[in-house]
Each structure stands twice: as structure tokens, then as C-alpha cells.
Amino acid sequence: MHFGSDNTSGAAPEIIEALAKAAGGYSASYGSDEITKRVEARLAEIFECELSAFLVATGTAANSLALSTYVPPHRAVLCHEESHIHVDECGAPEFFTHGAKLVPVGGEAGRITRAALEEALTFWSSGGVHRQQPALLSLTQQSEAGTLYSLDELRALSTLAHEKDMAVHMDGARFANALAALGCTPAEMSWKAGVDVLCFGATKNGALGVEAVIFFDSEKARDFARLRKRGGQLFSKGRFLAAQMEAYLEGDLWLRLARQANEMAALLAAGFQEKGIALAYPAEGNEVFAFLSKEQQRALFKAGVQFAPWDIAGENRPLARFVASFSTEKADVEAVLRLL
Amino acid sequence: MHFGSDNTSGAAPEIIEALAKAAGGYSASYGSDEITKRVEARLAEIFECELSAFLVATGTAANSLALSTYVPPHRAVLCHEESHIHVDECGAPEFFTHGAKLVPVGGEAGRITRAALEEALTFWSSGGVHRQQPALLSLTQQSEAGTLYSLDELRALSTLAHEKDMAVHMDGARFANALAALGCTPAEMSWKAGVDVLCFGATKNGALGVEAVIFFDSEKARDFARLRKRGGQLFSKGRFLAAQMEAYLEGDLWLRLARQANEMAALLAAGFQEKGIALAYPAEGNEVFAFLSKEQQRALFKAGVQFAPWDIAGENRPLARFVASFSTEKADVEAVLRLL
Amino acid sequence: MHFGSDNTSGAAPEIIEALAKAAGGYSASYGSDEITKRVEARLAEIFECELSAFLVATGTAANSLALSTYVPPHRAVLCHEESHIHVDECGAPEFFTHGAKLVPVGGEAGRITRAALEEALTFWSSGGVHRQQPALLSLTQQSEAGTLYSLDELRALSTLAHEKDMAVHMDGARFANALAALGCTPAEMSWKAGVDVLCFGATKNGALGVEAVIFFDSEKARDFARLRKRGGQLFSKGRFLAAQMEAYLEGDLWLRLARQANEMAALLAAGFQEKGIALAYPAEGNEVFAFLSKEQQRALFKAGVQFAPWDIAGENRPLARFVASFSTEKADVEAVLRLL
Amino acid sequence: MHFGSDNTSGAAPEIIEALAKAAGGYSASYGSDEITKRVEARLAEIFECELSAFLVATGTAANSLALSTYVPPHRAVLCHEESHIHVDECGAPEFFTHGAKLVPVGGEAGRITRAALEEALTFWSSGGVHRQQPALLSLTQQSEAGTLYSLDELRALSTLAHEKDMAVHMDGARFANALAALGCTPAEMSWKAGVDVLCFGATKNGALGVEAVIFFDSEKARDFARLRKRGGQLFSKGRFLAAQMEAYLEGDLWLRLARQANEMAALLAAGFQEKGIALAYPAEGNEVFAFLSKEQQRALFKAGVQFAPWDIAGENRPLARFVASFSTEKADVEAVLRLL
């Protein structure tokens, strides 16, 4: 019963098979291979537009490299105060941008609000040469609180950012889960909603380690191949990143895997509520934040259930995070619920 | 007939199998898994000493992160003028060290000579606060010219470096090929020869993408876990790096793969020489640099042989580089020779 | 009537004279001159301890270089949310530290509170390799709100920082004003209160452009000469920084200048209060924050008074900042008060 | 008898007077003052074109900031192998450019030759994403060897650089000496010769510490004000940089000072040659490199003459560098010659 993180899950069999198939023979190195080309074409189809896509191995690198393309060192990124790039990357965004500032912006349930964004913009856009002016708005979809921005919310925040000459970045480490939940198209949740650069995650949802950095304006991607190289993310055997991504996209595997995770989270959330356990946030994707008492948490741990005790600023009740993954099964959920 | 680079080869079946085996179930994330622990222990056995080992995905990252541990931004790295870190990493070492200088040092056949090292040391160690003083000597074993430092040469250069309070780094992207060729122990070619930090490559020799940064003084590795994280090289599903490395080391697979590559290179080199084709350097590992005429090169290309036309400063004869890999077969070599 | 900033004042005649005197003849370059040596000795006397002092030309550089000595790129600085280093340096601290994070910490009237510091420490000290752990606490004395930490407050915050293995930095751009106000010794307000590195400002208080970075633990200053050089702050004609500082310290000129500024600020503050104009903060040094109505502000501007309209988060009343400098005269203050 | 460096000289009286005059009263801070505006206008007149000029305090900062405007971290600077930016700035150019590579280019007597430039271009322009491609050519006029590029040579090198889409930077720490020697106009030796950005030095030639970074294409200077701020070079009391520069330019003081230095160097060089002492390079500006025997050097030192023993790669004869400054007098030169 592993609900500690979707990172503790393994890899989908289809993806392993694709690696095995790609392992033989010879192919051009450093991303010039045929599989990489096919993946780029496939992403353009899925997103219904021309785009430039670059594969890297980790979400840390994907987000940090994406930011570095739009944000010079003397400017700032506006991001949610709980966002991964701000609090969980040990300074990787600052490293790759050579010192841009990450400005924490508030908002309930992991989502930046318009009011909080405006307040941050007012302050950080002033100050002339003395202040790092915002160059980019970063939105996490699905958010760190397991919640989702609606398409309207995405569009409203993006519009405000664009009006201020900022770019919009989406941290899509759980893009698949969000998309499966919203039931919209990839285009609608990205460039049609104002996203300029998307980090399209696969690792958490069944790959071994691959993410695509997708630029909807190819002009902006001009230097990216070099940034990726000097960032240590250009694989000599690039086919092994591409093969993962190809299998992930093939036959909508990615959406099937995400739906499984979401359904298991929904089942768990419903079970908690039936037992009178309140949720901190609506469980809109594959994460459930539940107010489990210390006793309940101890009991689960003792029974071998893995999950993460959690803290929210200003909240005194004990809280726990459960993450479902592509490999979570109904029996896992039922076992947890039975223990409560 | 693929001799363009060992990077164009695929992955050894044993390594793919290990990934498949690791794909199921759940494990701790971010390198806290059991396979990673076993790999660290196994490396300590192989190198016959206590050590700290960290897995990353690319050679670019391995070398750059290793350098950043020893070289502050205001100091310099002494490296061969043809070394990969100097001319083929698009500035990754400068990026990860925040601007340390890579000082090119001369020497025939890809190897730094004592005289050249002394000359560089004399100049760069002077100049007080105005000059970036050397903090590290980087040696590439097997060198970019396919040649090897003898153990005596390694020890002599390391000793000189240590006398000057510099650390010694080994770029071991082809460590296995060098070791197989020298027939010594891993310890003899690393810490016993004065190496402080080794980048132990697996990618070129049959893995999909994994390298170990090995510190023989664990104290120096204290911050490395954080540097790796902010460098975008901490895999959330770390088991998939570790599983590759475990299979690579298992039953000396790595040495068998390297021997195959070396033998094929030796066969090719011997064949060239039999046909009166001179070599630019002795083919001591898995690379052969041969003075093939323009006509010979054209004929091979036409017949579908892949190799790299090469340039050496001050050499007017046309030159070509052939790299054998773990998957090169005797038939490949024979086919090339038949064509000449 | 110039109350816009102490930066709009000029230079004290004593300091200009010292420059004129230093202008003739020849002296060793790059800070090896005799005046520099005398300044270092004089600072040691004034601070009653052994120390290492380095002169630079701007406060931006002083603070940023000081931070870079203690804070590796993968760690964080805790500083007040309104601190100059966080909001008014266009990212210089991030630049010189190669990307360390500046974590804004709350507290009324420009001063970090113990509770806010503890909350920040709790969050940022957790998270393992994923989070930039605090390495330094930065305190601004006199604060950006014109207020002062008492010696007790300084000691309490420093003690907490040291318990967490953090260093303590003091941004002393207005150190002289603070010292004159508290009436304690330089030692008491710095190393005896737990400060590890002090940026001792002179520019705002009568110099043309010079600040001293003072390390109370010389061991930590080991690389500073090189950091200063590569930071573009090593003056070839170092005597011209030193001559300013020597004159500034000579015969307690610095304290006389600061007292003048403080007294004028106190006079202005008292005048405001007599007229029923409330202050946002107690005017403890050379700055006065007064709730002047829009009409009052307009009237003053019209009459040629320079000051800065100000904003405080969560405060709706119009506010104005007045800064007195060493050259402010009683007639200036009286003229302002007369206009209201 | 101070010939150690032009850095050991003091400041011209006219410049000190200007500082004294600027010291009183109040003025806008951070470079918004009237003197700064006048200096910018005056530089435009002197260079006979529209330009953007920014004052900073040191040559290290001027050159490094100038480079950072044109050279992204993943590209390279081509510069002479003995250039100050390469060997005497402790990595400041690498710091301000965030890790761009400085590629040393050969050439006799401190001057890059066309052949050496072409060779460097051929190598560093190849290599695709794996190599840091050149973005800028840096020329030092007067060179580190005290020699000068002719206008034809400047134009030829600049043309080659521009053909390769590189910018051209001139390190003009001794621009005045070079100009006085060539007898051309400032425009001819800068933008008319293809220079895109000029570091116009004043410090070595009579100022206390001020240099102008001059962009002949203002569009490229767009972000420079921010780069200067975060680089720690925006003076709060900017008038004190500007007052130095204004006095330096007033009535061609700068050219008079430079001529004095050049004439003294010429006198010294002629005296050496009369005594049969060979020069390593023609003494075209204010520096003389003479093959003084060890005995001669010892005798001079003993007599209190300051100069710098020097080394040239591949030259075994003892060598000494003498630098004349604006304050060098005929008696100084004669005293040295008398001692030989």
C-alpha cells in the first residue's frame, strides 16, 4: 500500500518493452535519431500545433531549463509559494537562470489567485533598475495541493501575465492527471490557455525518467539545444529518452495511466469522507490530503501503509497526503480504508 | 558498420533485463532505494576502498559536477587542450563551477606531458589575486586520442598536482576500455594512482545512460547530494539508474563489454597497418585514428561505413576516427577492411 | 530641503581634503598602499578586536560579496521581507552567491521577529536535499523602516541563528546612525552581539563611495580578496577608497556626521507629531515615516521639498519618508514644518 | 622613479578639484544627476555619434560587464592569450558572463594576428551544440605589450569578426595613450574601425577610479543599467564618478595626460636603445619592455627604481617592463638612464 508519492511507483510495461526494442542496433547520437524525430512529430499532433520539443531526464531540469529560456538573471519568476520550483528543487531554477528571483505568490489550495498575482506584480514591477522585474508566471497544473486550475482560471492568469509582457510557464509534472481530470484537449490546457512553455512530465506517470520541454513559439527555443547540452541533459544515446516518450504517447497510454491514478485517488477520497474524515482540498487529480488524526496515522503506518504526514501553514489539525499512481490498484485503496 | 562513435551503439541485453526487473513494485525515491545501496557497496568492493558514489545520467553532468566539488569559481582546471571538458561540453564545466577557467595544457596523443603541466602551473600559479589559480588537474583515461596513460605516468602527474595542492580528476567515460587494456585493477588506475574523484562511465560501454561520480575521500562529497539535486541530476526513480549500473558491474559484464570493443579496435588497427595505412596514435583502447586518404574515406562512406573524418592541429594528411563499441562484431571490422 | 534620501547628499569636506592629500605621489596599487593598511589597523582599534577588513565602493557590492563568503549557491539567506538585499539590489546577492535564495522573513517596523525567524527556520531547514537550507541570517541595523534592533534583540536573533549553524550578517549601510542612536560601542553592536560579518557603510554618511566589509573571523575571509577582485571591486588605485575611510574615521567624524543626521530627523519627527501628524514607526535614527495626507504631500512638493511617498503593505493611509543626512540643517527642517 | 605601473600614480589636480566642486549641495542619486548627463553628451560629441555610456569604477567591471552584454554563457570570447581579461582578472569575465569561455588567441607583441584569429574561428565555430561558439572578439588598444593596432589592422580584424556574426569589444584601459600615439580621432579608433563596445579607461591616466562603457549601438545597451546595478557598480552618489570623467574630458585633459606619459616612455625607450639595450617590442605608447640584464635590474632596484621584471613565453633573456604615467617627469626618466 504505497501512497507516499507517485515517484515510488515503477515503470509501465509498455515503456520497458519500448526500451528493449530500442536497445539493439545503431542510431544517431545526441537526439538526432529517428525515434526522437517521431516523438517531436507526435507531440505536434497531440497538441495540434507547431512546436519545438526537447527531451530531458528529470522534472528539475525540465522546469529549470524552461525558465532559463525566458528569464534573465536580473528578473523574476512569479510562482505559487508552495510550488515545487520554489521550495523543492534546492535552487535548481536559480542555478539554471543564473540567479533570477523566485517570488512566492499566495493563493488557497495550491493555486495562485488573481488578487495575489496583482499584488505581486504591483510591487515587483516597480522599483526601476533596483528590483528584479517579473519576466515569467509559473503555474503548476495539477497543483502541489492536488487541485486544478479551470481553463478559465488559466486563461485569466495568462492574460494578465501577457499584458505585463511576461511569459507563462506550466509545470506539468502531473499534466496527464490534470488533463484526464478536466477532460479537455492538451491544446486547450496549454497554448490555447496562454501557456508559452510547458514541461510535459512522464516520469511520475509510468516512465523511468523523461520529460518534454515544449515551446509553442519555436523562435524562443533557438538556444535551447545549447542550454540543454551545457545543463548536462543532452543524452548521447538520446533514443532511450525518446523510446520512453514514444511508448508513453502511443495509443494514449499516458491518459490511461493517469485515469487509473485519478480514479484510485477519487475512491480513496470518497472512502475518507464516508468515514467522516475531512479533506483539506478537493481531490481533483491523483492526490488526497486528508485530516487523519495522529492515531489514525500511526495505525496506518503500523500496518505498512506509506503516505506523507503533511503541514499547511496556519493549520493545526494533523494532515496526511496520499498519492495514487498508475500502478495503484483498487485493493490498495480498500486495504487503507479498511484499516481506518 | 558503425564506427562513428561508441555513442551510436545501443544497450547490452543484461542491462535492459535489469531495468525490466526493476520496473515492478515500489521503492524509495530519490536514490534511497535498495538497488542504489547495493551499487554503492559493489563499487566499494570493486575499488577496494571506502568511497562515496553518486549516479547521474550523462557524462557531461558527471564531469561538471565532479569539478564543481573541488574548483571554486575563482580558480582553474588544468586539462588537455583536446579534452572533452574543454572543447565538447558547450561550457558545462564553466556552468557547474560558476565560471572556473579551463586552462588547455598541451601534450602529444591526447596526453598531458609533465613539461606542459609544469609550464601551465608556473604561469597560472603566479599572479596573486589577479589570476585564477589551478585547483584541479583533469586527466582523461582513455584519452580523446584513444591512448592511455601508464600507471607510472598517472602517478607522476598526480604527484605533481598534489604537491601544488591541486586535486586530481579522472574523466573515465572510457574507464572500462582503459582498464581492460592496461590489465590492472580499478584501484590501481584510480586512487592508487592519485585520483581523487573519478567519473566512472557506463553509457558508452553498454548502458542506456548512467555514470558514477566516485569520491575516494568521502569528506569531499559532503555537499554533492545537493549539487546533484540542483544540477537536475537527482532521479526521482533512482532505481532506474542503479539497475543499469548493477547489471553493468554484475559478473564483470563491464569488462567483457570493454574487451570486445578493444579487441575489435585492435583488429581494425592491425588491418589498417597491414594495408600500409598509418595510424596517428597507437590504438591502445577502442579507438583507431588512421590516415585514410580522401579517396579511401569516400569509398567507405559510399559503402555505408560510418566513421568520423578528423583534424589534428598541424597535420595535413586526411585522418579518420573509428570507434569500436561493445556491440561491434568481427564481421563489421572485416567488412571495413575488405573495402579498402 | 532635500529629504529624498541620504544618497542625495554630497561629501564631507574632510573626506574631500583627504582625497586631495592622497592624490599626489606614488603608492602601491591594488590595496597594498599605506593608507589601506592604516585603515585596517584603525578599524581593529575601533572594533576592539582582530578583524579582516576589505574596502569596496558600493553597498550593493559590500553586502553581496559578504553573503557570498558564507552562503553556497545551494543554501539560503534569511532576511527581512523589506530588506534592501531582497527588494532593492536587482538580484546582486543572487548574482554574487551564484543563486542562493533570499527568503523573506516578516516582522513589524523593518525588524525580523523571533517568531517569524523560527517559522522560516522550521520550514527551510527541513526538506533534505530538496530545499535550500538557511546558511545566514541578515539583519539591517538601522532597518529600512528607520528603526533599531536593541542589543538584546540582536543577541537573541544571532544566538538562534548560531544554534542552527548559520552565520550572522549585518547590513550596516546606516551603521553610524544606528550606533549614534544606541550610544553603545561598535563592538557591542557587532561581534559582541553575534555579528560574523559587517558591512560598514560610509557612503550614505558623507563619503563619496566606500564601504568596509569586516570579518570578525579572519579565517572566513581567506578567499575574500579573490572574490573582491573577480567581483570588479578591487581598485587599482586603492588609496582613494582608503583615504575616504581614513578621514571618515578620523576624530570620530563618522559619529559626528551621523549625530547631525539623527538630530535633524528627531527634530522633524517631533515637529510632525506636534502638528498632529502620526508616524508609522518610531524615528530612531535618521529616517522619519509620517502619515502626511495627499494634500500635505502635494503642498510640500510644490514648495520644493524632496521626500519619498511610501507604501506599506496593508496600510491605506498616505505615507511619506523623510531622510536626514549629515548635511541636513536645522533651517531645512524648520522650513518643512513651516509649510505644513 | 616609479615605473612599476601607471596604477601607482595618483590623480590629476583638475580631477580632484572637480570632486571638491561636486561635493556640496544635493543631486539626484544613482546616475540621474546633471553631471552624469553632461558627461554622456560630451562623450557623444567626442566620438561624433549617438551612443550609450555608463560609468563604472574599475576596469575589471567595465570589461566584464561589457562582455556580458554580448556573450551568452554558452558562447566564447576570442582574446589575445596575454590579454588582461584572460590572465589578470581572476575570472571576472567568466563571472559576469556566467561562464562564457575565454579562448586565448596568439599573435606577436600583444596583438592578435589575422591568421591566429582565423584558426581559432575555424575550430571554435565548429562542433555544433557541443562547443562554445565565439560571440565576441576582444581587442586591447594599447595592447598589453605596449604596442598598437593600426587603424587598418583594427578594421581588418573587426570585419572578419562581423562576418562571423561576432561583436567587437575594445579594452581601452589605455585608450588615451593609444589615441595620442596614433593621432587619429576617437571615432576612427573605435566605431569607425568596427568596435561595437568600448571600455574607455580613465583610471590609469589620472582619474581616481572611473571608466566608461560605451555602446555605439544603443539597442544593445538596453539591459545594461540593470546589469550594472546587480554587478555592484551603480553608485548611489553617481555624481562622483561623473565629476571625474567630466574633468578628464574637459579641455582635452585626457589627451594631454596621455601625451605626457607617451613622451616619457619614448624618451626612456630611446635612452635604452642608445645604451645598446634592446627592446622586446616597439614602445608605441606608454610602456617600454627592455632586455635589461639581471645585473642592470638589480642595480636599478637598489637605487629605488620601481619597474616590473617580466616574462615572455619562449624568451630566455631577462626582461623588464617600465610604464610611464601622466605624472612621470623627465627627471625620472633621466635618473633611470643615468643609473645604467
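Order of writing sets the chain letters: A, B, C and D. Residues in each chain are counted from 1.
The rule is simple: a residue touches a chain if its C-beta (ideal position, glycine included) is under 8 Å from a C-beta of that chain, and two chains touch if they have at least 3 such contacts.
In this text the structure is predicted, and so the values were computed from the model without any measurement.
Note: Cα superposition of subunit A onto subunit C, rotation of 180 degrees, nearest 5. Two chain pairs are in question, A-B and A-D; the one with more C-beta pairs in contact is A-B.
Residue-numbered contact pairs of C-D overlap by over half with those of A-B, the repeat interface among A-C, B-D or A-B.
Ranking all chains by how far their C-alpha centres lie from the centre of subunit D, first place goes to A. Separating the CA-averaged centres of subunit A and subunit C is a span of 41 Å.
In terms of their C-alpha centroids, the spacing between subunit A and subunit D amounts to 50 Å.
For the pair subunit A and subunit B, the distance between mean C-alpha positions equals 34 Å.
The set of subunit A residues touching two or more other chains comprises 30, 73-74, 89-91, 94-95, 98, 129-130, 226, 229-230, 234.
If you sketch which chains touch which, every chain touches every other chain without exception.
By the touch rule above, subunit B contacts subunit D in their complex via residues 73-75, 87-91, 94-95, 97-102, 104, 123, 127, 129-132. Here subunit D touches subunit A in the complex through residues 30, 72-74, 98, 129-130, 223, 225-230, 234, going by the rule given at the top. Partner subunit C is touched in their complex by these residues of subunit D: 2, 4-5, 7-13, 16, 19-20, 22-30, 56-61, 64-65, 89-92, 94-96, 203-204, 208-209, 226, 229-237, 239-241, 306, 327.
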